[in-house]
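Chains here go by letter, A, B, C, D, E and F, matching the order in which they are written, and residues are numbered from 1 within each.
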């Protein structure tokens, strides 16, 4: 089961992917039934990015970044690299040279349950990364891993071709087959929120807007 | 003891609150005898804010943000929301809609011993938050908590109406009854620091300025 | 072994130190055989700094910052303070007054395996700090420590006069006696990287550039 | 507010305290409305203890155990020491000599949001401790703290004389004034559980015993 | 995708499951290519258990243990309960009453990425548990989850009917379809180890037994 | 600096080493001026061991246990293995086969800033281990490290031949050249403690025995 590169993976349609990016992590997560979030320790190396793309996954040995080179060949424009070590590790698998190579192939960013380095260069290149750590520790190239196999990354199950959405709130994965449905639900949710936002900004209370007062009283809430 | 909303809480005078904001967390903490700090994991979602306000407290069940709606009705201009889950939780209790509502009522910011989401929107709105985590995980509205009861938040004991001071150094609570005394001590401390800063900037050593050399020698410090 | 201040320490040549700063943490760490990194939890208080300097070390009791005053007298222009508590601590040993004093003596920054405060002032002063925590908790001045003795700081062994390199990737220590050799190796590495970066940016794959395909096939990598 | 020793504290009746010990942490916590638990990192140094007693509280500077000597004089038979440092610390405040002294005065155990040492001796003495860490790091005797003042310990608010209950599940605090009421509720809960336990052991399902099936179906649970 | 109970799940043959238990976690993990381990924070509540069984999985809301009652009905003798909250949580989902009920149905133990309570009772009952925390915090019964759906638990992907192996080394999951193959590999590995153990116990060095000396010398290892 | 095996290391005299073991970690740590402790996360895999021995150190790549085989050849009766990965790692470097081999050469135990496995076997063999984690994750044999070079292990600086003392309180290192002096100080301390223990057990207070009352009053301690 190790040492495998899956070459032809299915991807969601570009307009669906871009639609999900526009909705953002919190809305997409809600729209798909509050599932798909990666752990909260996955933080962006700089603020303000909001991306979505198809996952090219890497199952990597701890401290060994050889498979990243293999995976870069599999990247298509609009993809996002997802690196999941097979045991906990914070070594710096990825830096400015790999980012240059990935960006040259149209890669939109990196999700890595480990460390990252050359943060200054990556920030200048506007190559966004969500990682567990910033750590310059070098890696080796000695053992095989696999590319485009299913992985568990920061607590979420991800398959190649799934849609990754990432912004300042963190990272969320959408199953490829559900991406269209989720997008529709997310957009409906967004449309709905505009009106709510205007009413709340005007001073209306959520207690009234959502008609919560009776239910709260029924459960025994007491004002003293 | 659960399911209670205390409606009329005493607050410190606005000019005292604003005075404490101007002094900042480190000075206020020192001025009240090195007490009142919340845990260091409470970090701002964006740098540069410095606020103070009266605490409107929420004791919330883990993963349930219903009481936030209840608490928003209790907000007066200049208040700060303080959310303390009853067991450890990093779910995202609060996002842009609640912030819009709170801001409409004059709320100055949020202190939450849990997660927060919609960080990008909150940053654009300039609604400052100090939280344990950034995490988009949705919450439910199923159980009662209480509003304006005493809570322990990130290691600090907070009562409704206590003054919360928050800036890039973290969060500090000042007991309402002591706010005036603490402000006086903090301002005295600040006045005192201006002169010290000038002398140190001019190259004078703390060893001399504070007359530490003899005491250090007396304790046995050796220069080799 | 406690209560000692070593006054005359050897330092690396300024041009070597500045050369190491220009190379940055990741390159220097690689150039010296992937050694010398401090733990990844040592983070800068604001992004964008890149410094190097000679270590003036402080072995400090937990929660006691008295020795910082003693160490400041030992600072020469171009030095970097390194504070290592003798047991785990996140109290705020250092703030704007000490930074003013250190900066007046030419100190380039602070590395501290504990807490820091007055982050806003330090940011405005452009006095860079890499710390374990931001925490306003005040310290006392009751016990002796030592200055310019060997310390273990965030997992790295550091002697006075060693060269500290710090940037957005973290902190690395270079043994003083090896600084010249490491600089040469780091610069060679950098020269080498420019060409690689251009080729990767043009779309060449690392698999080809580094001639990895045969070796991977030999180890059994399978494309499916 | 520092440097104070409160000498005469009220305590709950011994039979109430012993009754709470017999119920154990989980039952007592439930009986008082799911409140009062200390953080889950507070673990016993050896398994199998189940104690309750009146809290003699210590607010201690980090790394300074002087106040423990002061507090021991305040101990009465049946008391439990509660040590809360004013900033996070894992130094070893307490070992076999202090335990010998405390045990000689009838102290039943120690709750400490910091470190402990001489674990082997304490185990042989059967002096139970719930602590954040086992760490031999020595402390100093240089600064004052306070005894029998209100503290926040591992996330729980504790006043002198409150009843502490501790067993293999952790630590729970019961407000002294509520101890009798909580005991009654806890005992009622226990009586109730015996019958449930027998029915469940006989194979009856909770789904039936608690009549959950209809409610689950009504919420939409689907069997496939 | 929520609120579903899958009733008929496939299970591995009992003799395969028992064979895997006899091999233990470390051997099984190696035999299946070093995959399947749950995170190292999953620790047994008492030492000395070694079990294997078919996973009955629970995807549970944070702080809500309602689905445990639903899952217990699905247990067959030899099964192991696996509880995975949908966001990080250490509340005590499970105690002696639920254990009594599960044990009455032949359940061999519990794997839970959250908290557990009544540790003393569970130890006396010899109902083994591997958990993230021991914490008495009570849970509610307000929201649906699902039973026997795929979950990610402590970093490992688990489907209902997969074989769980657990002992003092932690927890490992074996895909049901691969259980027979893995058992054969594990037993071969064990047979192989007996001879090695005897030779090593007699003083033979691994360097010689595994013929490592030449390879190490070839890579440049130097004896000084 | 990597790929080196230092063969002839100096060791302290056996009677000094055994004397330090008899004193235990807390006493030895105090006797050498409160230095030398490893981090508190280094915990024994089973309670009750108390050992001392000469350190045979291993600087190991993360996830690679090849050097353990090399180091075992360097073991002499009475030695203790010390494994320090060069970046944070919790993989299981060591299990029952390596323990069998080490024990055959007279090794007294293992200190490892990483993971360990086969805990049940090691417990039965009475081969004590202090580790950062229990984790079955397998390691590779692909890269060189070094044996008997200076390492930093769990925050402490350790050289080959230094004396390691370990018991239920954790792990402490004593510099080889200071071992005799430290032993004398530790034994003096122990002799001193017997009398104190008797007086405290008889009910004398530390306040009186150490004559603290005046000093406390002088600092302003108030009894209310």
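Following the convention adopted for this analysis, contacts are C-beta pairs under 8 Å (C-beta built on N, C-alpha and C of every residue); 3 or more make two chains touch, one makes a residue touch a chain.
These numbers come from a predicted model, not from an experiment.
> Under the document's definition of touching, what chains do chain A and chain B have as common neighbours?
Expected: C, E.
> Which neighbours do chain E and chain F have in common?
Chains in contact with chain E as well as chain F: A, D.
> Determine whether chain D and chain E, two copies of the same sequence, contact each other through the same residue numbers or different ones, counting it as same when over half of the numbers at the interface appear on both sides.
Because under half of the interface numbers appear in both copies, chain E and chain D meet with different residues.
> When the centre of a chain is set as the mean of its C-alpha atoms, what distance in Å lies between chain A and chain C?
The separation of the two C-alpha centroids amounts to 31 Å.
> In whole angstrom, what separates the CA-based centres of chain B and chain E?
Centre-to-centre distance between chain B and chain E: 42 Å.
> With centres defined as the mean C-alpha position, give me the chain C-chain F separation in Å.
About 28 Å, centre to centre.
> Counting only residues that touch at least 2 other chains, which ones in chain A make the list?
34, 37, 40, 86-88, 90, 135, 137
> Mind giving me all the chain pairs that touch?
Chain-chain contacts present: A-B, A-C, A-E, A-F, B-C, B-D, B-E, C-D, C-F, D-E, D-F, E-F.
> Quick check: in the complex, which residue numbers of chain B touch chain C?
So the residues of chain B touching chain C come out as 24-26, 29-30, 34, 37, 40, 43, 47-48, 50, 167-170, 172, 193, 196-197, 200-203, 205-207, 210, 212, 216, 219-224.
> Within the complex, which stretch of chain D touches chain F?
3-7, 46, 66, 69-70, 72-73, 90, 92, 95-98, 100-101, 103-105, 115, 117-120, 123, 133-138, 141, 144
> Within their complex, state which residues of chain C touch chain D.
Result: residues 61-63, 86-91, 135, 137, 140, 142-143 of chain C touch chain D.
> If you look only at chain D, which of its residues touch chain B in the complex?
Counting only chain D, the residues touching chain B are 1-2, 33-35, 37, 39-40, 86-88, 150, 152, 155-157.
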